[in-house]
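Please find the structures below.
Same chain, two partners: subunit A is paired with subunit B first, then with subunit C.
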Partner chain A sequence: MSTAAAEDDLSPTGDAARRRRLVFVVLALALPAALALGVSLGSVSLPPLGVAGSLLAAAGVPLEPAGLDATGETILWSVRLPRVLLAALVGGGLAVVGAALQSLFRNPMADAGLLGVGPGAALGAVVAVSLGWAHEVFLALPLSAFAGAMTAVVTVYLLAHAGGRPSLHGLLLTGLAVSSLAAAGTSMLLVATEEFRVRTVLFWLAGGLEGRGWEHLRLGAAFILTGSALLTALARPLDVLSLGEEEAAALSLPVHATRMGIFTLASLVAGPATALAGSVPFVGLVAPHALRPLVGGLARRLLPASFLAGAVLVVVADLAARTVSERMDLPLGSVTAFVGAPYFLLALRAHEGRR
Partner chain B sequence: MRGRDRLFRRAVIGFALVPVLGFGAPGQAPGQRVASLNLTADEILVEILPPGRLVGVTRWADDASMSNVAGRVPAGAFRFPKADLEKLVSLAPDLVVVSEYTDADFLRLLERSGLRHHRMAGLDSLAGQRQALLDLGRAVGEPDAAARLAARQEALLAELARRLEGAPRPRVLYWANPHTAGARTAIGSLIEAAGGENVGRSLGIEGILPLGSERAFVADPDVVLLGRWPGARAALEGEPLLSKLRAVREGRVVEMPTGLLVALSHHAARGCWYLAARLHPDRVPPEPPEAVPTRSVSPDPSAKTPAPSSRR
Partner chain C sequence: MSDRPPPPALEARGLVVARGSRTVVHGVDLALAAGDALALVGPNAAGKSTLVRALAGLLPPAGGTVRLKGRPLAEWPGDALARTVALVTADDEAPPSLSVVDRVLLGRYPHRGPLRPFTREDHGTVARALGQTGIAPLAGRRLGTLSAGERQLVLLARGLAQEPEVLLLDEPAAHLDIGHQLQLFRVLDDVRQRGVAVLAVVHDLPRAAAWASRMALLHGGRIVAEGGPREVLESEAAGRSFGVTIRAHEIPGARDVAYRFLDQPRPSRPGG
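And now, the complex of A and B:
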């Protein structure tokens, strides 16, 4: 599939090129529109013009009359803006990782879950909660979740390399085994954790951005933006890898080193994204999957387009999560799953129908 | 299961907590516009604050199945359906009362939004609940009113202790399938203050943890304590092993109203009385006396100020 897509990409018609440009234009417009909606709507509505005025004033372009009252300014700058920007980062990062891993593994079902990131992060989060760190120490929960994610990834790497250079198949199965171990550890700790603390973990596991501020954004941005940019910079080797390992080796690509580089970068993006937002499923699957027919399978186009689409998807999902119900915030992970799973099933059905 | 969820929810919301972080610093004025994000604080603040100063409570405060102040919350107070920081900012409180299990990242965001918070702490014992009540009273500038509430609570507990003096202590197992309450839990304290022996503590359990039906069966309690929620008793009686417990077979199962079972405010004393009346009907009448003599309680134990009167 990747090979065919790549071949198609290499000989584009004029229509295909125009379509790709159009997709990028739409995504480039959709992201600021989603961000604008995200910062304007919430349990307290902020007037869009006031928001614009406040943002422009912060950028050194004061408008008369000034944007928002003091309460609105506090809500915008302390709560909503960092949350919405973090949603964009998390969505973009997860989508880029999904696109990169799908190319790497030559499997449209691949996403960050293959690396053991999610279960590892969950184990880290449960440790932070059961030991009381999450309630006492600022950033303890996301940092512990990040440490858990990275520990799982390093464990996958070390175990997979224990018997020499692993095949992709070996890497996948090792990731599966480590994920199962981490999930088992999470369950054991949850059972032994004082009942009242468990709720914090449940909220994290369900995914969400409540209570995330500028510090979380800075933490995420450092890894997610850098990692996503480096993954995009590796687009050409990724495209070569998507032709198959033997073909890539014949083209003088250092297959193992490239694969491990992508593996590492994907972990450094997915780890913080998961640590900061909890489980946000389907973004890494749906965004690249939806875009591949539109922009082609070449990583140099698919990865940036996926970043934009993933960002839009999670910003809108987070907006829905906090506005659909007045009684409670819906779990962000449930919203993306409600959108992603049906889409994915429909796409799968269409794919089966074509065969 | 729904019942357990309800207890869980009530306890999470209600469990006030930790060392007093956000108030009490020298020179900090007490909060005048107070918002509460936990039910325990709701129950206390309704008693000690003039209505206009309570600007927000949890939505659980109106839920008669969980709250001991349902129907008494000032109409003007906003009901928080969730811990909504944006709504909180828009209400402009100068003090937000949070729970022990409010995570540290949320608290930092509160501070960043210019909102001071008071965290309630140590609610896993009756003494801790009393101290938390007094601390909250100081934080909102109503130490005397809080001390009066504490004095009423103390008086009721003292009266209970007097009536139970020398009474044999039945062995009581709290059961929330499959969890039980051990040492350092509010429910454990409730059982002991009501003249029972907490089986969970005897088994070496600390906190609220799963026990397992086999251990529960072997423990052979004299009484099983349940929360009163739909299906709780049926689940116990339908459980293959626990249905054969001596206490179950002989009908010694106490179902407590959820609001009293998990009360962590001054209402916990009424919870103790309720259970004691079921464990020791010969010594404790079903309803507590309307007025019991109160001992004075200083709003600030370290200050040794003259005690307030027991009048509300």
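And now, the complex of A and C:
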């Protein structure tokens, strides 16, 4: 039939599709490589073959000579592995959220941090820590971070759209104002927080994965994987939404309900991610922004690719945070900011240049 | 004229539409039958875009009714409505990173919804829409690399991919050069001949007159003239609405009519 031939012409099997496949293959190889580096390197280096042996043994494939010595086993299983996996989850989740918010705000420069999600989550989490809920109530920390993130992003959305579709400036400035407000709230709480908790809060605000174990990983996985999977499942509505409110409505998309659903899922990912790793800025901006020219703007491809790229970025950033200085761990959030902020400024410049 | 006319595909009765607190459309009666080619014309700020959006079900009526195939718009489920009525506007707001084929494929959303995968049938429909609008060679290109005119044709292709029974267009030729304009109106003729009811807001009056089987003139939110294109353009109402005198001249040996637009109401200059 002619339709079949036409379809073959159209389902882009050409250069674009080849490039997309290549990007996914590279990302799919880069993630295990980054994870392997992440678990092997650190203040104490573990031999990669030993790590592989120990992992294979745990998977039921014992090798000779067997894995690592006892100390190595402890470092691998109690310290490195949960930490590195959590870094991957947090990075992947934040990148998916960034990509989804960029579609929703119809702006390639949107990001969870710039739209108040990060600072909102931070405020929510600090409330939970300083009131002592975080230690007393199960799930209080991720849930209040979620509530803070959701409040912030919905506030930015409502304020920015109050006078019609906002310009990029309008959007970023509104995000800045709400972020500052959230940060001010965080500072006020910090002053009022009992001294023995202040250090915890400060350390946590700088962003970091130190001391994160399996229970954190389980918690993060539950929220971040579920939220990211649901956001990816909503790829088509996201794409329809990116066509603009009027066209989306004309194509029968329930615009308002879809937006609220995406805000909820984005906060469900970004809130707990921030609660577990502190603030990790710019990952949600850099990963999708860099991938869009490579895999195209369709959310169905951009979101999964962003997850992989975000995971690689944060695993590597966490590795750098642990290893750059011999005397101390750098805050993870500072590392991503040192890389992400210049990237953002360059991208902003290019974006403005096109107008 | 003894047969009862078929029920209109789309019909507005006493339609009043407000934008915020301002009433923009004041009691419009308009009917569109299958195979119609209706040009909606009028001066700037006449309410044309508002009327078209109300007919598409995007703006709720503040008074009166809009019926699609005899049933009020409000009673139509959203997806069924979007499978029956398509709206094509002048400006494409899609992200520049989307490819043409992916963008047109999103026109199949009303047929598949959020989760069901697109089928061979969807891809076939998209291929036909791209072919019909003459942009098949652009299928793999990104929207950001296209001209404004090409993007407008992509929008039209998205509208065709919806496979609507009623096609509403708001200034679909705004960014098109003359070649693309002819292509556009050829496509609209094609679509109309297959029984789709087509209503287009057109600014270029001679172009509108050459294409349309009927013309409606909107002024101040009211239809002030309706009928054959020449009849409407030569009417006193048209002169008043646009502030010009419109003269039709038959071209010997051609079916087309040439129009001249003369300043009004100053005394006419000889040879003007």
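Convention: the second predicted complex is superposed on the first by the 264 of 355 C-alpha atoms of A that agree within 3 Å, B and C clash if a C-alpha of one lies under 4 Å from a C-alpha of the other, contacts with A are read in each partner's own complex, and residues count from 1 in each chain.
Keep in mind that, in the parts below, contacts are C-beta pairs under 8 Å (C-beta built on N, C-alpha and C of every residue); 3 or more make two chains touch, one makes a residue touch a chain.
The shown structure was predicted, so the numbers you read here are calculated from the model rather than taken from an experiment.
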Subunit B versus subunit C as contact partner of A:Gly213, first or second or both or neither: first
Touching partner for A:Gly297 - first (subunit B), second (subunit C), both, neither: second
Partner chain in contact with A:Gly14 - subunit B first, subunit C second, else both or neither: second
Partner chain(s) touched by A:Asp239 [first = subunit B, second = subunit C, both, neither]: second
Overlapping contact positions on subunit A, where the subunit C interface meets the subunit B interface: none
Residues of subunit C that touch subunit A when the two form their complex: 53, 56, 58, 78-79, 81-82, 86-87, 89, 93-99, 101-103, 106-107, 109-110, 114-115, 120-121, 123-124, 126-128, 130-131, 136, 139-140, 142, 162
Residues of subunit A defined as touching subunit C within the complex: 3-4, 6-7, 9-12, 14, 16, 103, 106, 108, 233-234, 236-237, 239-240, 242-244, 246-247, 249-254, 292-293, 296-298
Touching residues on subunit A, where the partner in the complex is subunit B: 42-44, 71, 74-75, 78-80, 134-142, 191-192, 194-197, 199-200, 210-216, 326-329
Residue ranges of subunit B in contact with subunit A within the complex: 8, 11-12, 15, 18, 59, 81-87, 89-90, 92, 100-109, 112-114, 179, 207-210
